[in-house]
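The same chain A turns up in both complexes below, where it pairs with chain B and then with chain C.
Then we have the complex of A and B:
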């Protein structure tokens, strides 16, 4: 059987091998090229849709992201960055443990839903800070429970966590839609804005505190991943479960603990999104950032600063292209999403080509003959 | 690692310092008589018939307003009903817009938030309910008496149904146990805007053919091609002889065409796409509203026809548009339209509908949106010895949410 396969391989004109000893600077040069290419593609797509808009596209992209005369708009960018960064960094320990949690979207959403429910239905004579604390604790508890479920089944029944967490995203979305239809009694399914339990406005933006708290979480996660026992334990489990057992790590316990911590912080992100950023709730309020976070964590090789870089670039891509699209009056509402998609596609392609290389077989044959 | 930590702290410090004191300026001050800069925020783009209607109306209004508008209106599409709406509004203010429109119900709270922050800019929200009680001078709601358009489209459908009865095309499967002919309606959400819509359509049909009943199915989405298609199919399976909808995709009209069931569309006429089943349509033309707002801004006056920051377009303002596929039927519908305009005919005339067998003479509706969902305003008016439900008279957005006899909600 094996032999058959290899002869089949031999007959194909292309084959792939892993690159060995690829210089770090070359790798980063390719990545930088990829990033530039992604932004170039966005501009080209824009000027295909609206001929002659190539220059405006970039000036508007920069204005949309880096207008330093308007701090509130800068904070809007930093908020997108913070949410992506926090989700990506928080799910990293589980990935390092080779626990493939792709359920961040749902884990954030369940937290967001709980925070929204608490903030909406707390008595209005309660002080805002008390409502905020209740909403945060509620969001965290809900997400911890939501995250522990797949971890428990993985630890005790070895259930496939990828499928499990993926499926739970959809359950969370349906739960969110159901919650709205129960809460909103006029049938409009429109939550409206929260009258209480909202973050204070600083620098003209209720997202300012979201950014500051996210940075605090980043610092905490940096130490959690790189220093101390828990970070070491997940790394060992990721390398080899048998080694982990041999040196006395309780794999079941670590699996559940890691997911509980990630749930705690993803719930906090849900709380940020509802009480800080949007001050409303809908079943699509996380907007795919849970999935994008997974991509960013992986592209950042689970390294905090690489994750930070990609989270920032993704945020610039999202906000900048959206601003530019409206400025050059592209009517396609999905333009920004297409650009973000192209960005990730190109970076992943760079990743692939810097890890592996293609060979043309007939060319090699000729080379061999010449030798 | 230590070096990395230091970098992290420096980075965070720098970014925080960057967020130094800044305040918004209330938006660009507008001098009447100068060209008005206009912005429009849309939930989807041209691919949704609902948003396309707003975008097209804006194009017509801009053409009619000519030099009163500064350049072409800035249109932002794909703006979700969350903080993104507020961010989009802020960006439009920054680009110098004097008037900003938004098209989706859920945009309202975020438009109101922006209106409070930028008092120099006029914010106009279509389909919303809060302007009456928000007490915010520069925040406005608008809608149109689309129930009259639906009634007329329903009347056209009634005439079509009468032709079908005359031609003996109504099967026994199209009738219920009492011999009433079954109709179907695909709705988005079970709230007042949709309830008012399907009830007025039903009453329009009933004005021609009195022995009818109707099933209504909801998709729980404004735009769900598959859901609307499945809804139309389910209604057809239950025997609906005629179908209409209040949802934004081509799902239901397309399915009706393939099943051969006559269909009344919303927002777009589909005479070419559905040649065999298109009966008529109704829609709101937003151009008269856009023109009224821009003209008022340009002249430095209050918006003509506005009551309590609410503007209701009518058949008279040209805001309510309908059509009937058959020219002969259209002449009859035109006559009914005349009666609606001069007030001799009321869509929600209480003599024409019952609730549990009773004709209503009083009903409290939730007109003042305080977020409590509590009805507080008497909505049934008496004119001579006639009672009628005063839809859109107290506030622009619909508030008729009564479940009348003959209409069954399937979900």
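Then we have the complex of A and C:
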């Protein structure tokens, strides 16, 4: 029974109450409306920047994502989708535990950096598969350590994990830039393309394996979250720490374990990005997907299949708008960032309006007086 | 003439109709009781009058004119003040600071004018001590004990309640609504409150008391409004009513108000608490040198005003409290029972055998050295090796998990059901799993067993739920409590601790719980019962231990004590009558 007027805002003409008994289909209808609106806004922004491009925008958007004659292009979309999906699903257990880890960006980046370093400096007579395994294990170890640090401080000193993980993103980015300046002695500040330790190409795209492995991680995470004992413990802790203690869960240990597992898999994502997708490294190689993943996990209500849906939509938004932008020759990466931002903004707004409703106090008073 | 009239008040929350077309009137200068079970909509209805909620339909008339009450401030404007169940005080402030909080200088002066016969000329002070003078004068008139300088955090519950009432009276209310005012008071404090209520009535104030206690209705009210399931059943003069008639109207059917208590012999020491002291989470000594013994097949009541150390006592026994000294010794009832591999392996059995703990069925002492492992397993499986004595286990330094791993069946129904005992967002099945999810190898949860336990609980305790997969936070308080109690007794505990097991429950659910506890007692379980309703506690328990400020002020036999005696001990008077079980 949360419908309680906020008593401290008596003079405010507006007050907000929680919606109760809101039908599920209405909620999804609002969300669907929001998604349509987001794509509409993208088109409008595009036609403002390049007048008369409204129609072209949509045809290019669809061609960029769903051109089934070009398998490699489809795989590019699936790769964006699988990176977003993996990040979102991997950080979900920590979120379910109410451990607000917004440091996925940095945790992936540290893994990516380690993988890049290993792949670059392994002796060239090593078999590729050995280099790949070394890079993966290295990336995973680095990310696990990176992720355990905030968990440890949270468990033993009750530090604020949100600020902690956020700051560690920036440290990771600086570490990434520093690594390049140490590794690359010729002053170009560019890592260059890896010529060993890269994924084999399937269907003409080295991302195919990334997609396949990501799906395997998704299945694993689905069982971890919904069917496993660790996932169950995490849910109990998130709902009530007192209940967790009451039934004898070691909250400190579970906090650290959960972050270690998410670090392990985020490191794997970093390895995918470097060795599978881009085959190079830069301090901005994760490109904000760590942050987007946090949003997707949140909007998906920590439900694996809902997360999948939003990861896919976000991928379509990113890839489609980038294709459309370059077709009408506006700056692709910036335009795509604007559209992705607008997309999440609108969906989050939908979330708010479907949970709460507004009332006008004066109107109510007047109505009451009229009766 | 009617002073306040409520007409066709309807209030819904989502699909739940909390108040359904309720109409009644309140007369000036009367004490009106609003009687109803938990969840019958009493508080919601009076919250409409107090400005917390706005009704969906219907009107409120005060002195014949329609009143629009959209906030507690509006309610004060109509002379209506409300004392909620959860007090709205600033803990760090003194009493007098809380009284004047939120009043402007202009408002304060207007209040002074009401108190003084003639208004003095010139500048008038509104310092705290000036206000205190007025407040003290007012308190004297009604018979309140009031210390203006005392900080709220140092106050007892009764003092806090007094402060809430003073706050409302100082603001000049004519109508005071008290929501379950006696729930947290000792019998003596309750009597004092009623004498104050009587004084207020003599002074021409109208007092509305929300309650579910029949004896209080009979004692203090002039008229009574009976509510049931969001509807107003009837309004009658108290002098024409009887407790049984009121109970029937409140519940909707004839009910048996007798609480069961089986007279059976106890079955030996189960838990020995020796000089136990516990610090609470803030580091304050909450339990001070407590000693008692709990026996099998008995219910030991723990009485005391809330915050006297009850919570810490249960936390300490269950292993949740960390900072403690003294001993908590558990006697596992093993005497003359066979050794099993339940929570013991061969090594441990051999070690115990070396200490001479076992004997054979034939009666001779069991020396297991001469048997090899295979023969030993055979003997254990044949239940041929028996314990001489109960197993004695020290629980003092154990965590909840360690206690479980020792195979000790200790169940605990905590006070905060959804915050501690259960998980609101989870289904019944997953809540049943809380206790047992670790069982079985591997990392995958096995829900089948929990499912069958959940189904059993639904049938046996008559839990009303759409399905066992519904999140339990959607269920009513009574059903939630049944789920919690059901889970805790499903493991056939040796010790069962229950904290406020019937708080917030309707009468039928309360009696279900009482019967369950009595049934558990019959099976030999030792039960610790922490409660607040002394009548019920005296009726169901065998002995009562009274706590005051973390100290034991007495242990009495429930069959030979009175509410008044326990009330005195609750307020610190030591009796130290050691009743034997």
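Going forward, the second predicted complex is superposed on the first by the 360 of 371 C-alpha atoms of A that agree within 3 Å, B and C clash if a C-alpha of one lies under 4 Å from a C-alpha of the other, contacts with A are read in each partner's own complex, and residues count from 1 in each chain.
Throughout what follows, contacts are C-beta pairs under 8 Å (C-beta built on N, C-alpha and C of every residue); 3 or more make two chains touch, one makes a residue touch a chain.
Keep in mind it's a predicted model, so treat the numbers as computed, not measured.
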| item | value |
| --- | --- |
| Fit or clash - chain C, chain B, common chain A | fit |
| Chain B versus chain C as contact partner of A:332, first or second or both or neither | first |
| Partner chain in contact with A:123 - chain B first, chain C second, else both or neither | neither |
| Chain B versus chain C as contact partner of A:282, first or second or both or neither | first |
| Vertex chain A; arms to chain B and chain C (CA centroids, nearest 10 degrees) | 150 |
| Chain B or chain C, by number of chain A residues touched | B |
| Touching partner for A:52 - first (chain B), second (chain C), both, neither | neither |
| Which superposed partner A:247 touches (first chain B, second chain C, both, neither) | second |
| Contacts of A:235 with chain B and chain C, given as first, second, both or neither | second |
| Which of chain B and chain C A:215 touches, first, second, both or neither | first |
| Which of chain B and chain C A:227 touches, first, second, both or neither | both |
| Smallest distance from any CA atom of chain C to any CA atom of chain B, in Å, after fitting | 12 |
| Overlap of the chain B and chain C footprints on chain A, listed as residue numbers | 227 |
| Complex interface listing, chain A residues touching chain C | 1, 3-5, 7, 10, 20-21, 223, 227-230, 232-233, 235-236, 239-240, 242-243, 245-250, 361, 364-365, 368-369, 371 |
| Chain C residues within the chain A interface of the complex | 13-16, 18, 52-54, 59, 68, 70-73, 318-320, 399-401, 404, 412, 414, 416, 418-426, 430, 433-435, 437-438, 443-445 |
| Residue ranges of chain B in contact with chain A within the complex | 1, 4-5, 7-9, 12, 15-16, 18-24, 42, 44-47, 55, 72, 74-83, 87-88, 90-91, 94-95, 105-106, 108-110, 113, 117, 189-194, 220, 366, 371, 373, 401 |
| Residues of chain A defined as touching chain B within the complex | 64, 67-68, 70-76, 78, 177, 181, 185-193, 195, 202-204, 207-208, 211-212, 215, 218-219, 222, 226-227, 277-280, 282, 284-285, 287, 304-305, 322-323, 326-327, 329, 331-336 |
